[in-house]
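The following blocks contain the structures, represented as structure tokens.
Each of the two complexes below includes subunit A, the first together with subunit B, the second together with subunit C.
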Partner chain A sequence: MITCKQLQKHYGKKEILTDVSFQIDEPKIIGLIGRNGVGKSTLLKIIAGHAKASKGYIEVVGQKPFQNLTVAANVIFIEDAMTFPAVLTLKEILESAKKFYAKFATDLAFKLLKFSNISEKNYHTQLSKGQKATFNLIYGIASRSAITLLDEPMNGMDEAIRNDMYRVILKDFIAYPRVIIISSHYLNEMEQLIEDILLLHKGKVALFAPVEEVQELAVKLVGQKGNVEPALDKYEVLATYENGPIFEAIVRKNDLPLPENVRMLSLSASDVCQVLTATEGGSIDDIYRKSEYGAEYL
Partner chain B sequence: MNFNGQNTAPIYIQIAEWIENEILADRLLPDGKVYSQYQLAEIFNINPATAGKGLTILVEKEILYKKRGLGMFVVTDAKHRILTTRRSETLTKMAKEIVQESKRLGVLDEDLIKLIKHIQKEG
Partner chain C sequence: MTSIVKVSTARNIYEQVKWKCKAYSSMFSTVLILYILLTLLSGGGSGSLGMGRSFVSYREQYYTLDSLFIFTVLTMFIFGWLLASKSISRDNFSIVTTSYTEAISSALFLVVLCIFTLVAAISTLWISILVDILRTGDLFIFHSMEYSLLTFISFTVCSLLAASIGYFIHVVFDFSKIVFALLCVGMFLLIRQYTIELWGILFGGSAFQIIGRSTIYIILLWLLIVLMRQRREVTRT
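And now, the complex of A and B:
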């Protein structure tokens, strides 16, 4: 359904994507994860055919997506900046949606809108940030597009509505399986919802694997420095943190027996992704320790 | 960066444990049908693939069996199997903790064994 090979995108001299390759060929929910500015939105725009790759190969539903009508009919791209005709009410927007998306579930969209306490008499421009995001997401899910791209769909929503909307995505996916790619900063909230994680880092795909596999890549060793540190040469160390008397090391999981007086804790997939994409400048604690702003006891 | 200290098992393992607990509580009966991965997905608000993995490990452990086109069912002596593995796993884990704590406190091996025998007599 989606194939990317060595995809590149630069805006002028600024390189965003340098080498993106992956393939999705069955319906599943995928979390697109990465630090700010890594090119998540750019990648989604290229898949949706809204932007053109600078180099490399991309195929979506068997076609090159850029300004392609078949792709446009099978793909929906939901983002903050989405606009609808200013003269239409939400009711009119939903009623006309079937013209663009043949499988649009108009009835479902109206019910979800009502559930979310958004009046169908509103115009899109009148909505608050959270309401806009909610309406856009409802529109995206109701479209039942074979490929549904959601770029930070929960931005601006309060926690209660976010939880409701995660459930909407799950239930509609079970009823109508399709490819759903969700980019989000709320990976810890989404971990249960998604099947695979597509992690972008430094313009490339750092990881594309089932959530459980990502979670089991690394573990945390906790204990006193004197106990943890000597054991570390047996592990691939991804990060270490020292906080008063507690010493923690994030290491790649292996089957060796645990050193004495060291506890091993499992990590969430979100933790693992954070470690894998950490900035090289150390931690916030290091900055405080080294700067004049640091309190003396540090 | 801060991580919370809680030690969470992967969700598919939690799902497998939940089904085992349902079997132990006789809410899922021998040769009875088990929830499908989609039912589990809706009950626990999780991805159906994750729920499927929970079912798969129970098939591998011979707690559940598959009937083609009909779904998953509970193996006749599933309850017995679960109890056996849990007993050995839980006991080993507790024994390890006792041995570690004894070391920390400087308790001699023979004193530890004496203590266990004493408790057994009392019990």
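And now, the complex of A and C:
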């Protein structure tokens, strides 16, 4: 359904995506993860046909996506900035959607809108930030497009509605399996929902694997510095933290026996992704430790 | 399991035109309100041809669409400009569209809007005549009416040309600020050099020539619009 090979995108001299390659063949929910500015939204825009790749190969539903009507009819791209005509009520927007999205579930959209306590008589411009995000997400899910792209769909929603919306995504996916790509900073919340993680780092795909595999990639070793540090030679160290007497090291998991007086803690996929995309400048602790004003801040 | 939806370009454009008529219905109501106000304030663009009091007291009055026509051209230019603006065109990407179908459906929407303005202009003219009769209490004797299909078509085509120019200029503005500046300078020089001869060269002398050449200009403008829009990436911010 989606094939990307050595995809590149730059705006002027600024390189956003440098080498993105992946393939999605079957319906699944995928979490698109990466630091701010890494190119998540740009990648989604390219898949949706809203932006053109500078180099490389991309195929969506068997066609090149940029300005392609077949792709537009099979892909819905939901983002914060999505707007609707100011004179149309939410009811009119949902009713007219069926004319464009062949599988649009109008009844479901109205039910979800009612559940979310958003009046169908409202205008999109009258909605709060959270309500806009909720409506946009309902619109995207109800479209039942073969490929649903959700760019930070939960931004502005309160925790309760976020949880409800995660269930909506899951339930609707079970009822109508399709490719759903969710770009979000709330990976912890999404871990139960997504099957695969597509991790972008420095304009490239750093990782594209099932959530369970990502969770198994690394572990945290915790103990006294004197106990943990000597054992690190046997591991690939991804990050270290020092909090007073406690020393923590995040390392790639291997089958070696655990050193004495060292505890091994498993990590969430979110933690693993954070470590894999950590900046090269070290941690915040390092900044405070090295700062000439460190004492003042500490 | 999901299946791939096939969509016909013609069907998509047709649905988009219908959607735009609904989504931008405020343009229709704006035209109507402005026309009613303008015709009422200007007395329907009426003028007196003469009057007599010796045998019977009579007043000869004419009503014309001239002032409404000039107003329509300006209004349609502004509507064309507005329709191409980012704030409006980004709304169009909440439905299934591409830059190509968006441009074509916008052109067809403007055709509908131009036909509506013609009907609105004639209707408001008749309303103003009716108001005039009721106000003066005169006995109205209809003398002649110089309406022709050619007049209607000219009115529609000229207003469509104005709308297309407005849309085109905005697309050029989005496409390249340098080209936009050059276009503005060119248009300024053209307007400054305006003469009847220049008008004749551009549009010809007869109604047929005006309609024909305006139609060619409209087609050329929309071809350029489609070409420029095809290269543009979609931005919703």
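In this section, the second predicted complex is superposed on the first by the 293 of 298 C-alpha atoms of A that agree within 3 Å, B and C clash if a C-alpha of one lies under 4 Å from a C-alpha of the other, contacts with A are read in each partner's own complex, and residues count from 1 in each chain.
Please note the rule applied: a contact is a pair of C-beta atoms (placed from the backbone, for glycine too) under 8 Å apart; a residue touches a chain by one contact, two chains touch by 3 or more.
A quick note: this is a predicted structure, and the numbers were derived from the prediction, not measured.
When the shared chain is aligned, subunit B comes close enough to touch A:Gln274, but subunit C does not.
Look at A:Gly49: by the touch rule set out above, it reaches subunit C but stays clear of subunit B.
Once chain A of one complex is fitted onto chain A of the other, the partner contacts of A:Ala72 are limited to subunit C, with no touch recorded for subunit B. Within the superposed three-chain model, A:Phe100 lies in touch with subunit C and out of touch with subunit B [touch as defined at top].
Subunit A contributes residues 27, 45, 49-52, 61-62, 67-70, 72-74, 79, 81-88, 92-93, 96-97, 99-103, 139, 144, 146, 176-178 to its touches with subunit C in the complex. Those residues of subunit C lying in contact with subunit A across their complex are 1-7, 9, 12, 15, 18-19, 22-26, 90-91, 93-101, 230, 233-237.
Here subunit A touches subunit B in the complex through residues 28-29, 166-167, 170-171, 173-174, 191-195, 210-212, 215-216, 220, 222, 239, 241, 248, 265-268, 271, 274-275, 278, 283-284, going by the rule given at the top. Listing the residues of subunit B that touch subunit A in their complex gives 1, 3, 5-12, 38, 41-42, 44-50, 53.
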